[in-house]
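So, here's a batch of structures to check.
Each of the two complexes below includes chain A, the first together with chain B, the second together with chain C.
So, the complex of A and B:
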């Protein structure tokens, strides 16, 4: 079964919105000065001064309401910013907007007034590539320290140049220094080393009494140059270990699938059906492990409960990690997928392995019952989480929120169903949504998604058990060295544990990617934090941060 | 007191000989319930004679307060080491402390990047002495899989002194437990290095080599500020 579904044929006349290249060209008219089609979507080249007008038109007249990703790159003769647009209602409708700028003055219009998620994406582009955006509200470095010199992913960056980093206390952005008099607001640094920030996140918080007046998440404390790493490795084997380390909350296989899907579509590789089922099963096990971690640490944030719930979550994760270790040979960094399949078949004896998974699945309803007793049925937690951290659906869409965060705001968006890959469309399961929009809904959404994942795994186990022995093909025939054609570009996403995990690859004719961009769901989800916590009480801000379930390895990449 | 340095708790009990003691030591007779390894080591004397240093080392190694310090992927395995099944508490090293001022041991679990290194240095400085560092994972040894990255510090040792390195990407919980046990052993035997300040690049701004960057930043940076300078070219 091929993952590739021709995008242009998908949109039948059900929605009368312009989708194909020709229709969109007609819609854009003079705004488009050229075509630069990508493998996944039609692409239009526009002038740097027309960005907002183009995006407004695509959003309002064609329903492209999801700015999935912004990729910036430096080419031989120009800088380029690519806006990858899609729609929350129909994920298979995609369009790319390419904004070339000149070498000597890389400057284009900001997309921030159209999509608020562009704020951080463009700051990242400025930080790493060096493109400047007019009308951007706050164009400063986001991942690297303020004192950093140069733009590391631009072509003339000298990596051996010394850098100086300072540690200074940050000033209160809302008020003058009131240390001598009666202050009105108080400034607090939360993190980067803090138990409630789930890693090395730094939240600059301004408090007015007990209420949050201003929140500014400061990221980049775990910027491990993942994109640079992937650009210096070969497609066939060397890139695959890195995705495991993006979302390290045990979501390894989900991340690997993102790279596998993009690279397989780019190189036109088929994956055998049997391998797809193994992938689906492994990925859903990872999703359960990841959601368990989210639930456990959320309870830790809200109650400080290091004893019962956190330990229960860890106990269940241990079981999953054992199963995954049997399957892949590693507890966390699996490196199990290969382009065109998986690295090896299920462990022998197969019956024992299936038995182990079934035991886990049989115990799961009882386990979840325990969690519901301890967490969601608990009045204290309900008081703390219901109607706090409210994220209305329009705001979530504008920030590009995906995954459980979006689904808990009532946005019915799940790539496993909307842009099917793997074996998901053959199986019987539901997309979980909740209309609560608050911290409690996000928690519930994750717990109910665990049940759905269990359904998927159980069906996969049944399928694998009955699979005829002679048809157990785990890998298709893939050349030893992959050299996709020069200048082919693709943007592909999968439903990671935290949401839409996308990869943009531009091939440059060699066996290494010319540009490798990671669209991280946590990056967009974290952007909603100021929106959902300003005006709330400080403890609710901590709960909201926990409910967004960020993994800093994926935010910073 | 025995002169043998390797046996810190042997008391000179040759003068103390009673029937009761013999009965307890040999495990015969009616009253053998006190028989134990500890008893064998201490004898029946109510006094323990040891060097205060040895005693303190033993105490330090047997009651370690870890700093709750999560950086990257390894911190997930570190959490598993703390929780059920592996339960680091069994090895007198369990309770993670949220504040560096209450902690003895900092486990560095992950990749350190340029922006984080001064912060980690600050956290390390805030810990009271004596303090010990366990480097968890390949990233704290050399930068690990991200060694070639423009932003990645090539090992924790560039910033703070490390006592024990636990290799792996990430190390299994068992490996971390082994690393902690090794550290305890070294502390108890008095082998652990005294706290030293490593030659990380931590200087006042005016002492730094002059270059283009320094000139540009000289006016902006306060001389009292903690400044860290990365010489990528000299990194291992």
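So, the complex of A and C:
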């Protein structure tokens, strides 16, 4: 079966690498001053001054080359930063590095020299919690305005204190940096209201003629305190509506699955097989809808006006939305998953519903052919996108890029296969990769992933159709109130529409999470924008931004 | 059948009809003629801008588009005119006043001016100077001046970028455009529009009893293709809508314009498309010539055909990047248009 990774020699190499807690403890030696194991990852407590050494050792000697997430939190007696590491080659290997710092001087070493992605994650930790990172190249606020006072997720933050946010002119960071009296650069604000930023993103851009000299994405315009809101809701029912609002580009069910997976593992809840198939089918429908939106808007960025391809993509996405509406009762904010299953069974009459999906799947190859004729086969589009926005695989890994962005850089990484959940490992499909590393590859990757998702859906429909009527269990028995044990921690991820969507939950013994942290794939992917667009032309920067396919709701949370 | 080209130009015809003569006849005839021409042009634009553009684009993109007011939604034109003119005119602080205000006037007026020398058939031809073709090109390129004023005067970086791009585009593509036009002049030996049309009325060859006229699109299709492409760049439509590029520089030089000023710019762009079509029709498609239907109707069909072509390109072709755009202009179009000119000169020299 295609799911089995055909890489025997590689898996031998993986076996040789330290993976279990004991092996890693041996590798880290004196660096580890304690253990703080998480539910699916060994955890090591280290000193705030040893962060870089530890992470270097884990990355270079143990192959943990993916800094998936950084969680920070203020506890009763300390501040804590947790680095969730895993490996692009084998997603099931995970390790957590816990860095406690003192209450009066929360200061630890930055991980930025080891993983570039730590830059933004640590800025977020500084912004919301108030931990300071030594050696950080640019430690300033990221989600909140520069003039904000206090750190909202810290314990002594006064929520009622009025905040004054001034509107001041942005300065050109390269103003003093020019060759001669004629070679000046021009600072230009792209966004927060700009047709090509796909939401409220502000890109601080410095232009040298038509070329981009410096880019700094300024995010946070859509920050809605999603993490904190989840911390005030109960596990059982109240959190589930929120994930729909993260990646709202029709990826609702994929997001819900991220929370469902973390919370089910935390509470040791089983999901009936039948519900898993429904989940898989719904999630893949969402993925197609998301990718259609991505392809359509990317074409819009390159083409210019509301052109045919955008309308075609929207037209086909509409069919999926109708199917999802039949399934969940909603077009965008589905709220369909429940811990332990889904909320209700497939709509009656079932034959009609299956027929609808099959019709869509039958038309899909023709539709995609049309897309290829209109966009990927177009010479001008190829001229515009091939070899622009190049993201080499090493850089992509360092920035923690995942999803189609990573796969278009030749990184064979897909959580559906590498860290199986749902019903994916029972089905026959392939992970799409492309070695182009450019905007065109990212476009092609998404279009081919649509075909793979269609394969998955088709198999799910066959399975569901033949499922015996008496065995259609849509939910397992779940206690009315869930109270995971105090101080259990879990970090779990699923393959969202844009990449690895992870949830970290620390239980505090109540029916609400003590800390709820969202690892957004868009957040990490957007971080690569300066890397892929510096030195290119302004139109290519816009195209690259489109090809990263960000949804600001997920970036800002 | 009414002759395509009357010997008397339109102002004289009007003066004769009114029974006026001398200086008064010239002035009244010229004014009324200009009024008539401008209204013909603006009527086309009114249909093209708020209605036809939407309908055509909608047909390309599987939509229905305007259909609420009037038959086929045609009264949308009236509704939109009222809507656009009643909007607030927002003039930002810090704009360069005379330039900011004059720019939007330049765009439509330069294009309408070009129509003065276009023979529209049935004697509708305002003026027929010896330098007709050069006048049409000169009038059309005056729009660049307006764009520059708008781009600079708006005090906005997007506008400035758009203005710079527009100037670069106009310079890069005006030369191939004029040089290709000159290759037609080699055949005709005159710049006078009426004579260019008259030359094309000669038969080229007769196939099975059907006489094919000597339209330069048939004589030199290569030049025709070059001319149409350069024209597309000149009027700034996809794949050459670099100066506006809404997803990059947010409509460029138009960014800071609202209400009446915006209407003027928008109007001017459509008049420009029609002027581009009119010049192409005059040079390559026999002007108002055509079987059965009156010449004026054929003229309208030809300019609407070009308009339709621009909308098709807009719906289906991606935009080039600015450097690729200039590369094609300077390294491709310029070389090809000069090759065309030299080859035409040799062939005309050998034959004649």
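One rule holds in what follows: the second predicted complex is superposed on the first by the 534 of 557 C-alpha atoms of A that agree within 3 Å, B and C clash if a C-alpha of one lies under 4 Å from a C-alpha of the other, contacts with A are read in each partner's own complex, and residues count from 1 in each chain.
Operating definition for what follows: contacts are C-beta pairs under 8 Å (C-beta built on N, C-alpha and C of every residue); 3 or more make two chains touch, one makes a residue touch a chain.
Keep in mind that this is a model prediction, so the values were computed, not measured.
Novice: For A:527, is the partner it touches chain B (first), chain C (second), both, or none of the two (neither)?
Specialist: A:527 contacts neither chain B nor chain C.
Novice: After the superposition on A, what does A:210 contact: first (chain B), second (chain C), both or neither?
Specialist: Once the two structures are laid over each other on A, A:210 reaches chain C alone.
Novice: When the two structures are overlaid on chain A, which partner does A:381 contact: first (chain B), second (chain C), both, or neither?
Specialist: second
Novice: Looking at the overlay, what does A:112 touch: chain B (first), chain C (second), both, or neither?
Specialist: Neither chain B nor chain C is touched by A:112.
Novice: Considering only touches as defined above, state whether A:303 meets chain B (first), chain C (second), both or neither.
Specialist: In the superposition, A:303 contacts chain C only.
Novice: Is A:539 contacted by the first partner chain B, the second partner chain C, both or neither?
Specialist: second
Novice: Which of the two partners, first being chain B and second being chain C, lies in contact with A:195: first, second, both, or neither?
Specialist: A:195: touches chain B and chain C.
Novice: Look at A:315 in the shared chain and tell me whether it touches chain B only, chain C only, both, or neither; answer first, second, both or neither.
Specialist: Both partners.
Novice: In the three-chain superposition, say which chain, chain B or chain C, touches more residues of chain A.
Specialist: For chain A, the partner with the higher number of touched residues is B.
Novice: Would you tell me the residues on chain A in contact with chain B in one complex that are also in contact with chain C in the other?
Specialist: Of chain A, residues 194-195, 310-311, 315 contact chain B in one complex and chain C in the other.
Novice: If we count contacts the way the header does, which residues on chain C are in touch with chain A in the complex?
Specialist: Those residues of chain C that touch chain A are 57, 60-63, 157-158, 161, 238-239, 241, 244-250, 314-324.
Novice: Hey, which residues of chain A end up touching chain C in the complex?
Specialist: Per the stated touch rule, the residues are 186, 188, 194-196, 207, 210, 299-308, 310-312, 315, 374-375, 378, 380-381, 383-384, 537-540, 542.
Novice: Inside the complex, what are the residues of chain A that reach chain B?
Specialist: So the residues of chain A in touch with chain B come to 143-145, 147-149, 152, 157, 159-168, 192-195, 198-200, 220-226, 228-229, 232, 241-242, 245, 248-250, 293, 310-311, 314-315, 317-318, 321, 331-333, 552-553.
Novice: Applying the document's contact rule, which stretches of chain B touch chain A when the two form their complex?
Specialist: Answer in residue numbers: 68-73, 75-77, 79-80, 83-85, 98, 100, 110-111, 113-123, 145-146, 148-152, 169-170, 172, 208, 211, 213-214, 216-217, 221-222, 225-233.
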